[in-house]
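Following this line, the structures themselves.
Note that chain A is present in both complexes that follow, paired respectively with chain B and with chain C.
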Partner chain A sequence: MLKRLKKILSGFFGRKDQIKLGIYGPPNTGKTTLANRISEEFTGEEMGSVSEVPHETRVVKKKEKIDLEANGKNISMNLLDMPGISTKVDYKEFIEHGIDEDDAKARSKEATKGVVEAIKWLDKVDAVLVVFDSAKDPYTQVNVTILGNLEAKDIPIILVANKTDLDESDPDSIRDAFPQYNFTEISAKEKDNLENLYREIVENV
Partner chain B sequence: MPHKCLNCGKVLEEDSGELMEGCSNCGQKLFVFEGKKKIDKKERNNIVKDVEDFLGNLEKEKEVKKRIEEAMEFDLESIKVKEPGVYEINLRKLLDEIPLIVEMKEGEYYIYLPSAFSKDRKNIRLDDLI
Partner chain C sequence: MAKKKKKKDGVKIEFLSKLRLQEKAFTEKLDMIMDSVKDENILVLEEALDPEEKAKLIEKSMEECDEKFPGIEFSGFDSQNNWIERIIGRITGKPNKNGLLIVGSSDIMEKVQEDKDAISMIAKLE
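Here is the complex of A and B:
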């Protein structure tokens, strides 16, 4: 009832609900680095911690009311930084990064829950940035499955080829693998080309 | 002499080990406690029938369970717990499927029912599962 009233009122005053923009992708592609850049630029605050160890983000992080501006347009959105999606989580991988066994197992369990949470959120988001590590082969089961599902749900997608600062970076391989989607290449770490991404977001989301 | 073998009718000595090990006469392990009132043949047959029905039902349940297991598809589960800390996630299943099914070990499945009924899918809690 309250929800309905709110909807009617917002209709009267011409206010559009906040767009929920989800940042999806496999672990360690730079989703949180990107979320931090966007959040920093438009709110002055970072969103979450980043790490070399995969699955650093294990719960959905949310930043509300980001007013993104580009190209003379602006949109108001809630930014959702998702846990990395993978098909296997193995604590031994974390041990290799110097985490002790108990913590590694706990991290593994949380990361698995994180994958489930991220997938459940697919029903709630209005648009999605799918972040790729442009130094890696884009044609993976995770990427293909996520993109296929988003497309089936008719959710607007922007592919983000991140880490263009790396020598091995090959953003074209991503564009070629999935030519049907909006595409932009950036380095979130070096803050390269972010304006293009903002433009893509205000134009396509 | 309170116990009597349901099969052959042998009456056991008090504190007889046969209660645990089986009747020394016929090997059966079903006994009836006889109080002061002796049970007649008809009543004894009724008891035998009840026990047999009960055992028969157990067998039937086992049979049904076996059939359900056989009917399960190979890739039923969304998450496979290979060992503590090692999880395999079937993304396609997870994307398509509600309820959430977790295979804890070979052939042992946990079905998280609230995920089947809850409209708010984001509230799924896995704490009691993995």
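Here is the complex of A and C:
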């Protein structure tokens, strides 16, 4: 009901010039790959490096003034690629990925700060893409916490079931776990179904 | 000098009743949770946390994370409030906290499966 009221009011008073669109989710769900795809397509530049090692993005990355067009509509936004939110960061996990001990400890420290920064940004974003690895169990406390906070602040949400190129991908499990939100499934890596996501953004943000 | 971890024979599980918890402010509960969890206990609270409180719990565990404490694992059953109940809770200052929270250090607690109405966890004994 509040969302509908907000939409009606925004029709009267006009939209903000630049929407702050945050990309949230746990580590390794493909947030930066998605941010790179969006940024590449509309500005010609990537936003950040991607890695198999968790917590590759440890500070909030911003790309300003992206004019996203889809379905004959457009939206001007600042895209924010958030560090993955997690309840634990163990430097030993980084060592298992071949990082030496000192670097693993430093990475771990930076990662914990990144999580805190991403949580603080929940108060400042205008809309959010919550990115899931569709090959993993979606019902986690991290996802419940992100969605609950956004809902409490009445921030528009689009659930993005990523990694549909994987054999184990099960986007329906995400739709079933959180049926109340706008939903789209993509493979950011394979650039699959991104047009649908862009349509969801211009229609619902 | 860093404290050396004392080897334990098993995992202590503490249950805290709703009655005991309702006397405490959230910041007190947060400190109590972190102290207990860092002492390698598993805590079971007879109340749910709301989303903002869960975010604070994650934030706090990240701030306390170091080489000896890798963070937390938590799970639970949330109070299924609709938006009217949430507004009433805020106005009256008495939100519906019915539910359950289980929290432990990620060193000793591992989630196996979680759903809206069923959870299974493993307590790791080393």
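Note that in this section the second predicted complex is superposed on the first by the 189 of 205 C-alpha atoms of A that agree within 3 Å, B and C clash if a C-alpha of one lies under 4 Å from a C-alpha of the other, contacts with A are read in each partner's own complex, and residues count from 1 in each chain.
One rule holds for everything that comes next: contacts are C-beta pairs under 8 Å (C-beta built on N, C-alpha and C of every residue); 3 or more make two chains touch, one makes a residue touch a chain.
Treat the numbers as computed from the prediction; the structure is a model and nothing was measured.
Upon superposition of the two complexes on chain A, a steric clash is found between chain B and chain C. Contacts of A:90 after superposition: both chain B and chain C are touched. By the document's definition of touching, neither partner reaches A:155: not chain B, not chain C. Of the two partner chains, chain C is the only one that A:139 touches; chain B does not reach it. Shared-chain residue A:70: touches no atom of chain B or chain C. By the document's definition of touching, neither partner reaches A:166: not chain B, not chain C. With both structures placed on the common chain, the touch criterion links A:59 to neither chain B nor chain C. When the two structures are aligned on the shared chain, A:121 is found in touch with chain B, with no touch to chain C. It is stretch 76-84 of chain B, out of 40-48, 58-66, 76-84 or 112-120, that runs into chain C when the two complexes are superposed. In the superposition on chain A, the residues of chain A contacted by chain B and by chain C overlap at 85-92, 105, 108, 112-113, 115-116, 119, 122, 141-142, 145, 149. Residue ranges on chain C touching chain A, taken from their complex, read 50-52, 54-55, 58-59, 61-63, 65, 67, 70-76, 78, 83, 86, 106, 111, 113-116. Residues 85-92, 104-105, 108-109, 112-113, 115-117, 119-124, 141-142, 145-146, 149 of chain A touch chain B in their complex. Against chain C, in their complex, chain A makes its touches with residues 1-2, 85-92, 105, 108, 112-113, 115-116, 119, 122, 137, 139-142, 144-145, 147-149, 151-152.
Residues of chain B touching chain A in their complex: 78-79, 84-92, 94-95, 100, 121-122, 124, 126, 130.
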